[in-house]
Structure formats: structure tokens, C-alpha cells
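Two complexes come next, and they have one chain in common, subunit A, joined by subunit B in the first and subunit C in the second.
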Partner chain A sequence: MQHGIKRQHLSEEAKKSKLEKDQIKIKNYKSLVDQLFQFRDDNLYNEDIFKLTTKCLLINPEFYTMWNYRREILLNLNNTEIFINYLKEDLIFLLGLLKKFPKCYWIWNHRKWCLMELVDLNKADWDFEFNTISKLLELDERNFHCWQYRRYIIANMKKDLDSTVIEEIDRREFDYTTTKIQNNFSNFSAWHQRACSIKLVKHENSYDCLKDELDLIKTGIFMSPEDTSIWLYVKYLLTDTFFIDSIKSKNDYMDILQDQLKVVEEVNELENEDTGKDNVECLKMIIFLKDLIMKQEGNDKFDKDIQNIIHKLVDLDPLRKGRYKDMLQNQVLTE
Partner chain B sequence: MSIQFVEDKHIQYVIEQESHRTFEYWLSEHLRMNGLYWGVTALITMKSLDENLNRQDVIDYILSCWDSKNGAFGSFPKHDAHILSTLSALQVLKIYDLELKMLSIQQKSSLVTFIKNLQLPNGSFQGDKFGEVDTRFVYTAISALSLLDELTPKIAQSASNFIMECFNFDGGFGLSPGAESHAAQVFVCVGTLAILDKLDLIRNETKLVNWLSERQVLPSGGFNGRPEKLPDVCYSWWVLSSLSILNKKHWVDLNKLEQFILSCQDLKEGGLSDRPDNQTDVYHTCFGITGLSLIDHKKYDFIEIDPVYCMPSEITKNFKKWKK
Partner chain C sequence: MNRTERRKSMAERRPSTTYTPNVIPQLAGLEKPQNQYLEIDNCDVLILGTGLQESILASILAWQGSQVLHIDKNNYYGDSSCTLTIEQSKKWSNEVNQGKIPHFQEAKFEVFPGGNNQGFNSKDFGIDLTPKIMFCQSDLLTFLIKSRVYRYLEFQSLSNFHVFENDDFLQKINSTTKQDIFIDKSLSLMTKRNLMKFLKFVLIESNETYKEKIKNWINKPIQEFLKNEFKLEDPQINELVYAIGLSTKQDLNTKEALIRIKRFLSSFDIYGKFPCMVSKYGGPGELSQGFCRSSAVAGGIYKLNTKLADFDPELKIGHFDDGSHIKINEKVIISSSQIPHFLQSTYNQITHNLKKNYISRLTVIVNSSSNKFIQNNESSAVLVFPPFSLEINNTTTIQCLIQNHQSEICSKGTSIWYFSTTTNKDVKINQKILQFAFEKMFNKVKIDEPNLEIIYKLQYNQETYIANNLLNVFKPTIENNIILKSNNETSPLIFTSPPSGEISYDGIMTDVINCYSQITGDDNIDLDLDSSDEEDNKENEIQQYQPIDAVTGMPRKKSSVSGGIVGGGSSTNLGALNEHAIESSDEDEDEDEEMNVNDDDDDQHQPFGVHDMEL
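What follows is the complex of A and B.
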């Protein structure tokens, strides 16, 4: 699978010459692979072969069968001390590989496997893992493998800790998303993580937390209203039971919705002054809010106002006009 | 002006995959079974399979990848069995013979054991015994069991429970509970629920369909896989198939998507790439072409592709449909 690599057209001659040049590499690689398969067929597991798997995996980190053989060799080491050393060295080897191939599933898988073996022996170095993943996330802040691994190590390290330390970790993870978001409001991976971790952090009450969050996102909305990631998070804040249940009365909820509506309408007006056009994301948010307000008021049919905005969206966001037409026809917002 | 679809070049491109044995070819052995499935699917979609690939050669290759130790298919001879290569193998074999007569009773029963043993108590599936868990493997396992007609109520129930645990606040699905939504994971989750006759679990989740329709971006008209990311041809399949399963293809601009897919063709040497002017590969070629089939198979004189299985509807219509 090729991603993001520029297309090249080689002449027949260049193709032939590449193939010729490749012959030595192919021969060496294939003989290495054949040799390793032969050792495996002969049920051989030793440290020399382990080194050969390293050689092979450096050339081809996607070779899942070779990762399997490598694990089999590790499991056949028969000496716990040596086993632990090998696992720790592998974690360093894997960091190098992940810097080069950050999206290779098989490398991540092997890292998890090594880590879990160390956990079973009570030898996991969580700080090392934690620093590793933080470094890797610096290199690509949207890499979902990195985020996934970060959640994975947090979940596992929490298993042995007492509740006050866990609280600290949860708070630190939540703050980490704040930093990431402030660096780049369009980093939806961080918004996603925030949506998950916000429920774990101890708040005085979730109502204040909701208020704080709405303040935080206000800046982002004004800065880049066309960014879809923020809006997904706002919708979550305004509808998830974690927050809604903390709101004391229907009136308070209505106040929040009206406040938000005011903010979004203001942003849309500014956009209108700037560009002469309504902002599509603002309009989507306005009907979302108006629909929530309408339901609070006990109405279930769109009023003229909502219908007009949906008609505008048909023109301004023609890619999704089928969706808007369905909305108008069914009188149901699609959320 | 619309770009033409260079069918002959794509056919040539797919069948030549095997003849360009560069160094990179040898480095991709681990994907060979999937590559075979992508190539076969691209060709059959263009109604050009039988005249271009020898049926017996394909079957022989697949059988040569049987891993007798684990009782399932690897990606290449001597490679270990994995759920990904196992599904690809079964899909291609099923295209050639609905009854899978090329497999012995023994082989079929080891396949079933292999797949069932990969399921964990929470309903998820590992890819192999080394423990990687991902909603991709849930789909792959469920689809494979469906092809073998070996689903059970217990497997179906726990797998769909796990899938719903991966449903996110934004309307998408991730690779495991708590993981960020991603269009390919949405396909595998929606596809799993479709095979298990459990679409009612997401019937009222209009934010899912919303999320899918938001994947289409301008100016290209292509689909991205996550918010604020670049479009990529393969999402033409992952997103449009999901919309198709949910009967909402009209929530995106199919014409714009079609133009985007066509713009990713290599007009000179055939094949499609992730984005215009990038390097082609058989994966993007397959999902670009199956994407076009979902948009309008008649226009291209393609066969119809089943959005749930990513296989010809002519074939899948004979599958025994699982009823919960």
C-alpha cells in the first residue's frame, strides 16, 4: 500500500536496469528468509538466529511471520534474566523502527507483546514507555497508533496504582490534551482523547466543568469556525448525559443553549462581514442548537427559521444536499 | 470535463503485478494474499477475471499458503496463518466455487476452529494467537465465518456487543473501545453488524450517517478517513459502502466523488493511487474501482459489488443470510 508517494514513470530501460540492480538485494534477502524458515522448520531457537531475525526485520518490518518466530525464540530462552534483557533491548530496537515506520501495525503489536511479558514478570518500566510514546506523538500528533498505545499503557499502568496516583495520572492526561489542542485546534485526535478523559478527572461538579469547556472552545470557534473537529466536541458537551445530568434545571440548560446560539450567530455574522457569505459550519451548529431548544420547548416541527437555514445549507453545502433535503422532508434533525 | 476510465490499462496493471518482481515485490509477501484478493476483485468488477487470470493457478497459489500447523491461510507459502489472509483466501475461493470444494472437510473444520479460537471473552477477535485486537479482525472473522456458514448466536451476540463498545460520541467507530473514529473502522463495524443482522443497534444513530457524509471534502470531492485529514481513494470504498449499507448514498455528492476517483488514475500505466499523481498500488486500484461500482456500476459496465462483503453481489446473493 502506497500512501503519499509521488508517482514516477520509469522508462522500460530504467525498469530493466532497476530490476537488474535489485537482483543482488533480492538474492540476499531471499536467502536470509529461506535460511530463517529452515531454522524454524528444524525447531531451532537461539540467540544467533534471533540476531538474524533482527537483520530480516530491519529490511522488512511488515514480515509478521518473522515477528512470530522472534517471539518464539524469546519464549524459548529458558533463562528469565536473559529473557528480561532481551525484552528490554527489543523495546529500544522497536523505538528506532517506529520512528521510521510509525504506522506499521506489526511493530506496535510486538511492542505490546514485549511490554506485557515484562508486566507479567513485574519488570515494566512505565516511565520509559511513557517517554517513548510522548516522543513518538511529537513526531505525528494525529497518528492513531500512538494515541492508542498511549491509552494502552495508561490503562495498564493504572492497574497497580492506588487511587490518588491514578487521579494524578488522569488529571495529567487531561491536561496533556489541553496542551495538544492549544498547539493545534484542528487536532481532532486530541479532542477525542479529551472527550474520553474528561469523564475520568475529578471535578468539583460537572456543571462547572461544562462551563469551563465552553469557555475554552469559544476561542477556537472564533479562530477557525470552518474546523469540523471543534464542532463535534461542542455537540458532545451539549448532549452527553455526563454534563446534561449535572445541570440543575431546564431553565439553566436553556440558558446554556441560548448563550451558545448567541456565540455561534456572532461568529457567523463576523464571517458574513469578512466573506459576504454565511459560514456552513456555523449554520449547521445553529440548526443543531435551535433544534435542541425547540425540543426543550416541547415542539417537534421545524419552524420557518430552521427551515430557512436548512434551505441555505442546500445551496452553501451542496455536497450534502441530499441530507438537508431529507431533514426538511422528515422534519427531523439528523443528530 | 470528465476524465475517461482507462479500463484496459487497469486490467493490464493488475495482471502485471505478478510479473514485476522487483525488490519491493519480495518485501510485500506478507500482503500477497490480500493483494490477490484486491486484484481478483478489481478484475471481476471490470468483468475481466476469467480471461486474465488462470483459475487453477489462483486456486493452487491459495492452497499453497495453507498453514497446516495453525489450520488456516497465511499470506505466502510458509507464512503463518492470520485472520486477514484467511478471509482474503476464502473470499477468492468463494468466487470460484460457492461450495469451497477445493478445501477438504478437514481443512474447513480447522478453519472454523482457528477462527473461533481467536475470539476473546469480551467478543473481540485477535488477528492470531499473538494478541493484537482490532475491530478489523472482528469483521474479518465474522465475514469468514459467514462465508463458511458457521456463525453461532453466541459468537454473533458477543461480537456485536464488542462492536457497540467501540461506538464513539462523534458518531464513528474506532479500532477498540476508546479509540478515535476512523472511516475504515466504521466500515468494519457497520459491515459486521450487517452480517450479524444487527443493524437495528445503529438504526437511530443518525450522527453516524452524518459523520460519514462529513467525510466528503472540497475542493477534490474525495473522502477523508477522519476530520481535518486529506482525502484518499480507499475511503471511497470504506465510506460509500457504509453509506450504502445504511441506505444513505444520496447524502454525499456521488458525481464529485466519481471525478475524484477518476483523477487518481494513472492514465499512462494504469492503476489508481491514494491521491492524484501519487504512486499507484493494487489496494487503491481495487477500492477505487469497487467505489465506482457502488456509484454507478451500469455506467461503467461493471458488475454490482455487495457493500457488506466487498464481493460480487451475484456471489453473495447465494450466501445463507444470518438471522438473529
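What follows is the complex of A and C.
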């Protein structure tokens, strides 16, 4: 046994050998791509080349030209039976790729293409797709590709169903966003999904629904006022016609706005106590609310109050001071 | 009852193994019988005792190519961290009372009539002498993976921590994730807000702000800090300090308590929904066996039921009680519970001035699955009695690990309750306090389960040279640490401490590294495992996407389900005590000098993250 001698780390050597290994990989990849482009120039479409595109896309799924070539090959298969098989196998292939590259547009794109082809042949399995996407959303509930794909699936599922089942699906989707938001309310995708599905769900009374939503979000505001996702949703709640139209009178609307203003001002007060500073997001929300209230009162110009707050923002958030000054000059709130 | 009765070994449990050796040694390591005679005439290191630390050490040395001879006077693996059957524990407690097992005293073994009549089989129970839980973000777990010993083990998520408060246990911890806080209807908006502030402070606050905030509180009780800086109230404070932080005493200082709290919080969402796990089939005893197995695979030689009868320090030749002898080239590592008679005075001399700490344990088996504490399909939970929560006015925390049959350490319909409490003074009243806590719990459970009965009870007191806050492990000196104190140029003997009272595995790896560096002069452990078959997997892992942390907005270090308020980032264990002292050097002048030693040690290959805590 040796004493006092540091173990030698093979990092330099290992690096070198990795580089050497990579050189071979790069060379192989390049020659594969050259070969495939040559085939494409020669208008060759066959199953052997299809396999080569698989090999290429496994290495680089961002290669959209290769996806196009792959689709060309598929469309050039003359046998429907074989075509269907290929599409189904591709769905499995894509799932494997998605596990590795969940945010690659071209993979999602190709999956949709395969499904639309299968729809034309009446062979699409939407339930399978739905279960898959639910699983993927469990792995990462903030991947907007997944959420977008989920909406796509739901829209397609609904096409063949009757209204009571559709209602059930809409309700389920809405509840699903509740769960996801409870898991983690800093989730723009989930709030967006909620905004999309809340209108589809039948509410006894959209006014009560608005109240419930505001209550839910109040917890979020107290817990994490710097979280921009919640503010975006409150703004949506307070301005979208779906809710505003449900409010009986202008007075009721004003009450809601005033209530919200109170909440935000209270939280800003607390932030002030804790950090000695106003909270930027709270200030932004306060001017947003005050502006709404003023407009209700038929007033177009910013009052002193709003102007003061914008001046505060210039100091607190210097990165965006140009925008705040612009707001002051034009007397309009910009998002 | 068969005298050599034992639980099935790891090797025997493996479904792929058809060969079952029917004689000791139960753990051949390789799937072929071993020659019962030593066929080597020399070894680099001789290790006495197969406790957890010694077993990890054996596997590291063996994998680095040293010839290790690892013996144990018992006919089972694990030494003082073993997992015993009921019969074995009876024998063990007799030995304790005969003074045969140093550092363990006043053992009391009882089997109740209820137990005998219900046809329970001694072999179906695995009682850990020093049960422990594993935080998901810990150096030992990293090492289990690196050394691939995890392959021999099965881990299960702990179900929850419960705090005994206002004469009831029902409270589960519920203020540790953003999700829990958001949903919980019992918390006021202000409490929710304050808890969030605190969690963000612990997990994502920048170094400067963090230091600034704790500057004036470092040596004051954590309770004051939480009350004043975060306006938290007693229920939340108790939960943070005693359950999440698993603090063992009341007046814990802010610095130490925060590290303990962070240990829990940063272990979230790594493996499963809870930040702690337990190993199936038994705790440290099971891990010891796994490391011995690994060591044997690397060429370490094992001989159970063997004692060192004599040792010639000049010639470095050891004689065993079976008449064989061996030349030892380097060091002899001796577990404190396996001191040979002829070394007793040497040991006494070395330990003479070392500070002792005391642990009292009470282990009870009852005929209930403890579903009051353990949820469906889960195996274990931790229950904590904070100081002064019992009418008996307990001054220390009582921790209780509850495990049922899902953890494969007891029969169906039973569970084991492990109570323990630690002090730095030898307080005779501790057993009484444990008994009181047990009765409290027993009576509460009996309300729902009128047929509840005690099957088995084992109690004992234990001494250790490891401080309750593990300080002399993380900041070892020649005065405070037994390993450092015993090692010197003139003698090849190194003694190790009895197991600590810490309920988690924290400190174990550091203890091993301390010992390793005393042997080799190197504190950098690098295993020469053949990993060629894993290279491709590694590349794939890199490409796998990383979820973004809910709070920090940064990619997490480990890919996992997002949701909780979790900091990715640095590994945390009590080793952070170390790092922290550097940062707060102005306040802790006495600790300062020792700490700066570690500054030079900033080796980027440091494998265990003990030193890279970023508080």
C-alpha cells in the first residue's frame, strides 16, 4: 500500500479518450447524413433508408429535414397495411425519443402527423395517447409541449363523443388543473389550461366561480407574491368578458376590484415589513387595479396615486425603467 | 431452539441464487463455499468487528487493492450495528449483563406470554441494535450508489414524521412543501406566508443574505430565531425543530438547527415522496452485510466466530483463537466492542480522557401493524416526543422509529417500536422516560385497538465516544476523536467508537473517511470499480432533461418529479457543521483555527459533498 500519494485522476487522459471516441461518432454521423441526402436527391424511398433515418434521428432529433424525408418515405409506401404498421411503430419509437428529448418540437410534430394519418385510416387510439400524456405530465408538470399536446388530444377525443361525455371530460380537465396547481402553483401552463377549460365547464353561476378562483389565488398571493404566474391569472379573471358579464352590476364589479386592491395592498405592506421594500409585483398589480377602477369611473388619465407608484417602480425595477417612463408619458398601462 | 439460529443472509434472499450455504459463514460473498482455513500468510489491514463503519472501510480498502482480513468474534455480521433475531437478542442481552459487550449496559430482555402463544417465530424478527433512517440527500447514499452496494439492498420510503403534542400524536408534518402549505386549510394565510418565507430562506437564499440574517442568532436557541425573524408560532416551530430537524435537545443553537432542518428539506423529491428512507430487512445490520459482501467480492477475506488472541507489535503478527496466525503489513482496526483482553489496558488508556455520551434504548414489539402512524403499503414512520412534552418532564427528545411487517423485520400483524434518547450525562432516569413514552403511545393505540399486547421488550443503555451533535466526527482532533487519538506512528492499532445516538446515517461516512485517512494518509476515496458497462448509460443520463425547480427556477441537480419547494443544489448532512463554522468564523473564534484546515482541502474530486455545502 502506498502512503501519502494522491491517487492519480485519469481526467486528462479520460478527456482525451472521450474526444477520440467522439471523433469517430462525429465522423459516422456525418457520413450517415451525407448518405441520406444523396438518397433523397436520387428520389429513393425504401424501408432500408427508413431504418437509416431512424438511426440518424436517434442521434439528432432536431433534424427537421430528416423528419420530412422520413415522412416522404412513409407516404411512398404503397401498401396501407404496411403503412399503418409503420405509423404505429413510429409512435412507439417517438415515445422513446420523448423520454430523452421531451422538449423537441419535431418529435411532437411528427407524433401529431402520424396520428392525423391514422385518423384518416380510422386507426388512431386517442385513449392511449391520453394516458401517455398524463404520464408525461407527471414527470414534468411544467412542460408546455405536454400541455399543448394534451389539449390537442382532448380536442380530437371530443370529436366523436356526445355532449354529456364531453361535459364530463371538460369537468375532468378542469379538476386536473386544480390538482396540478395545488402541487405547484408556479405553473404558467396549468393556469393557462385552467383559463382554457374554466369556460367549458358548466357553472351554476360564473359569478360564484369567479369568487372561488379569487379565493384560491389569494393563498398564492400571500405565499409567494413574487410569483408572476398568479398575477397573470388574476388579471385574466378580472378582465375576461366571461366573468365580467356574469357580474350583475357595476357596483358589484367595483366591490370586487376594491377587495382585490385591499388584498394586494395588505401583502405589499407585509413585504414592506419583511424586506423594507415595496414588492414590485404587488405595485404593478396595484396600478393595474387602480387603473381598472378609474376606467370604471370614466377617468382615462392616471391620477397622482398611480403616477407615484410608477415612479417607485422606476427605482425598484431599473431594468424596466424605460417602460415605466413610457407608461407615464402615454398614460397607458402596457403589459 | 437451534444455537446457530439466524435470519436469512442477503445472499440467501437473492432470488437468483439457488445455492444456500448451510454453514457459517453465511455470507460467502462469492457464490462458492470458502475454505475454512486462512490460506494467506499476510494481509495489509486486519479489521476486528463487522459493524457498519468497519464494513464500509473494509470494502473501500478491498476495492483499492489492499488485502483485507475482516474478522468478528460473533457468528453474525454487524457487531454493534447488527440486526438480531429474538433468540439472538436474548443471548446478546445476557452477554451485555455479563459484561462481555463493552459499552452496553443494563440490558433487560422480556418476552410476554402473548408473544409465545401466538406462534411467532424468532427468526421472523430482525431487531436492529442501532436503528437508523437514511436521508435521500446524504453522503452514505451517494457512496452506496457509487460502490454499487445499493444493489444488494432495498430501500423503502418512510411514511411520515409525527410529533407528540398536547397529549396526542395525530399531527403529521405538513408544512414542508409548497403543496402542503397551499392546500392545508388549518393554517392561516399569515402562517402560510411565514412558512413559505422560511422555506425559501433555507433553500434558496443567497449566501450573504443567509449569513446576515442568522448573524445575531447563531448561538441562540433556534426557537427564538424562528419566532423573531419569521414570526412562526409554536406548533410550526416544534415541527421544524423536533420533527424535521430531529433535534435531540431543547436549547439547540440556531446554526446547528438550521443545518438539521436543511438536511430534511433538501432531501425532498429525490427518491419518492418523502425525504427519508429505510432499508428493508433491517437497518445498519443490513448495510454492514452489504458492504462486507462487496468487500468479499473485491478479495477481502472474512472469518466470523474468530477472536484475535495475541498480537506482536514488533513483528506485526496476529494470532487467532483457532491457532492460525497472520502477518499484518499496515494497520489493525479494532471495534470498541471487540477489544481483545490483552489490549484492554491500551484501550482504557486511549479512551481515558474521551468524553462519553449516553444513549438509552427501548425496543418493543407489539401485535399491531401501527396503522395509526404508517400509511397503506408503507413500512415505517418516525414519532418524536419533544422535550417536556410528557408529564414526566423529559428534558431530552425521545425519538421513536416504527416499522411494521412491510419492512420485513417482523411478522405480519406486528410492528417494532424503537425508542431512544440521548444525553451527554449518564442519567439513570432515561429508561424510565422511555418507558413512559412507550406507555403513552401504547395506551393511545389501545383505544383504537383494544387487543393490543406487548410481545417482546428489550432495553439497554449504551455509551459512545461520538458526540450527540457529531461534532467530533466532523471536526475530529487528536483530543476528541477516538480514531485520531489511537493512531500514531509507533503503534499499528486504531480503535473505533461504538455507534452514535444519531437517528440518521449522518456522520458514518465521515467517520469512515477519518479512519481511512489515518490508515492511508489520504482523505480522498476513489473506488476502482470497473464501470465500463455503465458508460453508455451515463451519456444518456446527461441528455435527459432536468425539471426546473419550482422555487429557484433553476434546473434541479437530480431529475425528479417537481412540486415541492425543494432546493436542488448542494448535498446536505450534518457535515455542514463544518462548512458553517468557516462562514461564521467571526463569531466562533475558538473553532476557527481547526476549520481553516479544510480551506486548503478544497479538492474538486471530493466525493462526498461533505465539504461543499452552500449555506
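In the analysis below, the second predicted complex is superposed on the first by the 250 of 335 C-alpha atoms of A that agree within 3 Å, B and C clash if a C-alpha of one lies under 4 Å from a C-alpha of the other, contacts with A are read in each partner's own complex, and residues count from 1 in each chain.
Rule of thumb we're sticking to: a residue touches a chain if its C-beta (ideal position, glycine included) is under 8 Å from a C-beta of that chain, and two chains touch if they have at least 3 such contacts.
If you're wondering where the values come from, they're calculated on a predicted model, not measured in any experiment.
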item: Contacts of A:Gly96 with subunit B and subunit C, given as first, second, both or neither; value: neither
item: Partner chain(s) touched by A:Gly220 [first = subunit B, second = subunit C, both, neither]; value: second
item: Per-residue contact with subunit A, leading partner among subunit C and subunit B; value: B
item: First (subunit B), second (subunit C), both or neither touched by A:Ser186; value: both
item: Which superposed partner A:Leu270 touches (first subunit B, second subunit C, both, neither); value: second
item: Partner chain(s) touched by A:Glu138 [first = subunit B, second = subunit C, both, neither]; value: second
item: Touching partner for A:Gln148 - first (subunit B), second (subunit C), both, neither; value: first
item: Residues of subunit A that lie at the interface with subunit B and also at the interface with subunit C; value: 1-7, 9, 142, 186
item: Sites on subunit B touched by subunit A in the complex; value: 20-23, 26-31, 74, 78-80, 82, 127-128, 130-132, 134, 168-170, 175-176, 178-182, 206-207, 209-210, 213-214, 216, 218, 221, 226-229, 232, 248, 250-253, 256, 266, 268-269, 273-275, 277-281, 283-284
item: Touching residues on subunit A, where the partner in the complex is subunit C; value: 1-7, 9, 99-103, 138-142, 182-186, 218-220, 222-224, 270, 274
item: Touch list for subunit C against partner subunit A, complex; value: 44, 66, 178-179, 181-183, 189-190, 192-193, 196-197, 329-330, 520-522, 524, 526, 540, 543-545, 547-548, 550-551, 561-564, 605
item: Residue ranges of subunit A touching subunit B (in the complex, touch as defined); value: 1-9, 15, 18-19, 22, 25-26, 29-30, 37, 59-60, 62-65, 67-68, 71, 105, 109, 112-113, 116, 142, 144, 147-148, 151, 186-189, 192-193, 195-196, 227-229, 232, 235-236, 240, 318-323, 326, 332, 334-335
